Amino acid sequence: MSVLVGRDTRLLVQGITGNEGTFHTRRNRDFGTNVVAGVTPGKGGQDVDGIPVFETVADAVRETKANTSMIFVPPRFAADAILEAVDAGIGVVVAITEGIPVREMAEVRAYLDGRSSVLVGPNCPGVISPGEANVGIIPGEVCTPGRVGLVSRSGTLVYQIVHELTRRHLGQSTCIGIGGDPVHGIGFIDALAMFSDDPDTEIVVMVGEIGGDDEERAAAFISERVGKPVVGYIAGFTAPPGKRMGHAGAIVTGSSGTAQAKAEALEAAGVKVARTPTEVAELVQVALS
Amino acid sequence: MSVLVGRDTRLLVQGITGNEGTFHTRRNRDFGTNVVAGVTPGKGGQDVDGIPVFETVADAVRETKANTSMIFVPPRFAADAILEAVDAGIGVVVAITEGIPVREMAEVRAYLDGRSSVLVGPNCPGVISPGEANVGIIPGEVCTPGRVGLVSRSGTLVYQIVHELTRRHLGQSTCIGIGGDPVHGIGFIDALAMFSDDPDTEIVVMVGEIGGDDEERAAAFISERVGKPVVGYIAGFTAPPGKRMGHAGAIVTGSSGTAQAKAEALEAAGVKVARTPTEVAELVQVALS
Amino acid sequence: MDLYEHQGKELFARYDIPVPRGIVATTAEDAARATEELGGRSVVKIQVQVGGRGKGGGVALVDSPQRAAEEAERMLRDGFKGMPVTRVLCEELLPIAREFYTSLLLDRSTGRYLALMTAEGGVDIEELARTRPEAIRRVQVDPSIGMRPFHVRELVAALPSESRQGAADIIGKAYRMLLEVDATLVEINPLVQLEDGRVVALDSKVTIDDSALFRHPDIESLRSAFPIDPVEARAKEKGLQYVKLDGDVGIIGNGAGLVMSTLDVVAQAGGRAANFLDVGGGASADQMATSLEVVLSDPAVSSVLINIFGGITRGDLVARGVLEALERVQPKVPIVVRLDGTNAAEGRKILAEAQHPNIVSAATMIEAAQLAAALASGVAA
Amino acid sequence: MDLYEHQGKELFARYDIPVPRGIVATTAEDAARATEELGGRSVVKIQVQVGGRGKGGGVALVDSPQRAAEEAERMLRDGFKGMPVTRVLCEELLPIAREFYTSLLLDRSTGRYLALMTAEGGVDIEELARTRPEAIRRVQVDPSIGMRPFHVRELVAALPSESRQGAADIIGKAYRMLLEVDATLVEINPLVQLEDGRVVALDSKVTIDDSALFRHPDIESLRSAFPIDPVEARAKEKGLQYVKLDGDVGIIGNGAGLVMSTLDVVAQAGGRAANFLDVGGGASADQMATSLEVVLSDPAVSSVLINIFGGITRGDLVARGVLEALERVQPKVPIVVRLDGTNAAEGRKILAEAQHPNIVSAATMIEAAQLAAALASGVAA
């Protein structure tokens, strides 16, 4: 079992004909993901390794019954691509693109309100359910099927921590990168809720970083609603205030958004908080033994 | 029992200090409606017959726990007033105002999507639950409590038909005027669903008119979902094509929107369709005997 | 409010939507001169607000100013489908490679905008929607996000690839125009691609939301070009909803639904309504008086039926308005009055006390309709 | 991107938001001349991107050009809170009747815009929000409908009635500006009402979304006025995410989270990071080489840690980039490399085969951090 992506995923790739789009489409398909279509405006009718390319998402959905979309289009066109996927009835939209203007993401998020589509990202590494489907850029070879659910703002920390888990034979049900942008689709709370409801997820790893208050709100949610053990990790303890650390959303503003405050909020909610990626795996191992 | 408005209604009147606003506020209160507040920008702090007037709906809701709003503000400010009520968490918004530009109503309707507020109108006579509450301009004295649910696009046809019902001692649970504008809040289907779920409504009267396809879609809904008897009436059999008959929405366009087509659709769904307002009451009487 | 083709195209031009060069003519001589200016050839098109011009002789290709004058003369003289014609549009002839259809409209059933596009031009779109719906691309546009590039791509995917850019450009502009002028319909049929590749709006059909005209005085003023019934003009001026019909029973009521229902009930009683007149909600005595004047100014009217069920409208004000009007106009026809609802008792009392010889009271709507129909046909006179 | 006060006010002026007359000065003489031009008196304000100017000596009221020169001289000489100061803003003195606070910002927790207004001016808003939240009006604005009149009414209801119109006017314009310039914050603290009734923005704090700068080259160019570290400037030019820090271990990684985590782990190993550098997703060999050059150009760097876990980034390209850079720059410091993920094996092989004397391989992130920290402090050198 898994959440968001799995054996039923029928993947459409928006921006399939770009370099990165083609590269990761192939990797996702090689992993076993059912890639059914691509979309690139102006290239409808072509194909990528036999995957048909359509002019619009609506056409692709009509022809291939795609239910999940992965977005690789350049930042200035990406918000439009997300809206197109939502409007065409795509259930899970995974936006990899980095650098989408936040005003456009605010419009996208308002449009998602009350609609049934789920957005993951943007500026995220995607979602992988080991043994079932990989939608995004998480290297599938570091993962192994199992019962740990992982949700992270950072992409490379997903790889790093999954790597540590896998080394200890702690497989994963699903790993979700929610992305590092200030305005994004699903957050920790949505992911925690999904993992809570997933019978095959036994423990959840939550990887946060400086900036915003997503981790603090997640902590409140965990103490109220999550019945499974949660292990936390926060990156950026040594980040100075007022400096944006790579991710648009990773910034300590005045006294708010510090790693310290987030770790404390999580610990107050009963979450074991690791100090290094390696310790995350160690804490998971302890919790499951 | 009743739908939309009733004993729990705590009414706020937007535009309470205008002539019509004050007049109908008094009538609604005299009927027994619990009128708790008014709003008129620039007149916050005043009162109308002891009803406190606030500067904003948010203030009024905070102070008085108003849960229903009646809107009497002029057309060019009315869409803003509806949005204000929705944003302040008002559950039922009844917009009496006629002549709101349709572009603004399209924006309002999109904003309502996925939100829990219910809009009745605009350009409607309001909602009355005899013996409980009257929100709008339907003359309460023609109504009597009972088990007939009524929904109508036309306001004066509500009065006329309720009058015919009351004369025959056929009381009403709730009468809803959904309004005659092309883009409006709740429609026949929403009202039919509410009456279906209301244990104290035994039969539904549905009053349509030329223009659009609301009646046709309602007919489909009735045959699929409504377990109670429905009596129909359509105004405008003699209306010529291409002429707007008073209501912005009442126009036969080409071959679509005719009274004949609507009556036939309803009859095909098992609805008894009356040819005069008087016959409506007669058919209800027959159905209930 | 429906615009004439040439008025719609003037709006198009304001929004940089390409249209053929055109000149409006109100006389045969003007049509000849316009055609001269357009290079000696033109297409002469009747300006009316009904469809079917192409098949009905409303469009003529002419190859000389002389021929333009002849066609214009015929059009202005004969009218079109019973409508008077006061003007024609002379346009340059363009070399057309392909014809399409596109429209943007407010879809009442969803409250969203709907955009349509098909590669088949000059079609009857209702007919095409019935017979081959798959030939039409339909895209819903949520007003909260507006017309986005993806909507436009979905639409133009209906067209050959070499026509897409030009059509996309026009759709974007047409949507902006739709919003800015508060249109509920912008239809371009046909939308054409010329031999040189340009995409041009060859026709226009634009409907403006009446409720929004207050913010478009420039568009409102276009109405002055419409031929209009003088009685309708008077009613409009007074803010009354009046539609002229063919019968002899004048109808006044409050609320569109009740008035429509009254027309139907009069028809069932064997009468024929002379008009639709809705005095509106909260009618004052003055409005009532004006309504009666408007209805009585139609010489066909042989009886009048006033059917009022008061909500906002108050019976006492209605009664006063009727009496006021009777002082101003000296009616020769009977007036059947039926009053119910808010302050109806007061109203009935006022009328009863006035004892006016032309006023006949009725207790119910059906009785009133029967009386008015009978009085008009002379049976009860 | 945070704008200086005077830059924000230049944007305000473009949107007709009233601001005091002001002149930027980069020397004491300019400040004197500006004050002369402003009528012999002015307020001289340090232009920095940190708060607390009022209490920290960053604002001076002067009553003569001479005094303005003295204050400007001091400010330009001493800097502010350790930041260099290259310019001051001299503004006219205005007769203030009341002070308020207002701001518009993107609220990340809701994804909506949030507007704040309080009748208390010049406050520390975070402090006020903690101690007396009821003194602040907070209004959420859904981007799908934008800032509506009702939102504005709710906000200005916080103010005395005579101040509402002027404040409402400014809020409307500020919202339009927020959207059009892609700001994520527009703060006016204080917003003041003058004795003559006018409402004026006395200060400005504006943050622009970096991701949207591509459509605002005019705003992007304001950056040239910022004092900036030359190494940061070089990294920026190459599209690398680089932040200078105080330590001696140069850090290069892929992905903001992994780099932040690397800084933390280096700190735990007793080291101090010299910088944050994220080569980004899909880093090419050239980007990797440039990153190394950037990090090595900081003379404080005594060891470098390259920590790559490839997703989009491929290990083979990383390895090639490292070797390329080593050819271009002749490093005197050891470089610890840890490679995992996509094509990591190939990358490790490339590095092993190169047998470069400065390259030290590490198997895990923690081992790499410990090695780099030890090498920097000379322990393992």
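Just so it is clear, A, B, C and D label the chains in written order, and each chain counts residues from 1 on its own.
Here is the rule we use: a residue touches a chain if its C-beta (ideal position, glycine included) is under 8 Å from a C-beta of that chain, and two chains touch if they have at least 3 such contacts.
Remember, predicted model here, so these are calculated numbers, not experimental data.
Comparing mean CA positions across the assembly, the chain most remote from chain B is D.
The interface with the greater number of C-beta contacts, when A-D is set against B-D, is A-D.
Distance from the chain B centre to the chain C centre is 27 Å, each centre being the mean of its Cα atoms.
The distance from the centre of chain B to the centre of chain D, with each centre set as the mean of the Cα atoms, comes to 54 Å. The distance from the centre of chain C to the centre of chain D, with each centre set as the mean of the Cα atoms, comes to 58 Å.
For chain D, residues touching at least two other chains, in rising order: 142, 144-145. Those residues of chain B in touch with two or more other chains are numbered 107, 110-111. If touching chains are joined by edges, the resulting network of the protein chains shown connects every chain directly with every other. Chain B makes touch with chain A in their complex at residues 113-115. Residues 41, 44, 55-59, 77, 80-81, 83-84, 87, 107, 110-111 of chain B are the ones touching chain D in the complex.
Here chain B touches chain C in the complex through residues 20, 24, 75-76, 98-103, 105-107, 109-111, 125, 137-139, 142, 152-157, 159-160, 163, 180, 182-183, 207, 209-214, 217, 233, 235-240, 242-250, 254-256, 259, 275-278, going by the rule given at the top. Across the complex, chain D meets chain A through its residues 50, 106, 108-109, 111-113, 126, 142-144, 179, 182, 184, 209-212, 214-215, 241, 243, 245, 253-261, 263-265, 267-268, 273, 276, 278, 280-282, 309-312, 340-342, 364-366.
Partner chain D is touched in their complex by these residues of chain C: 144-145.
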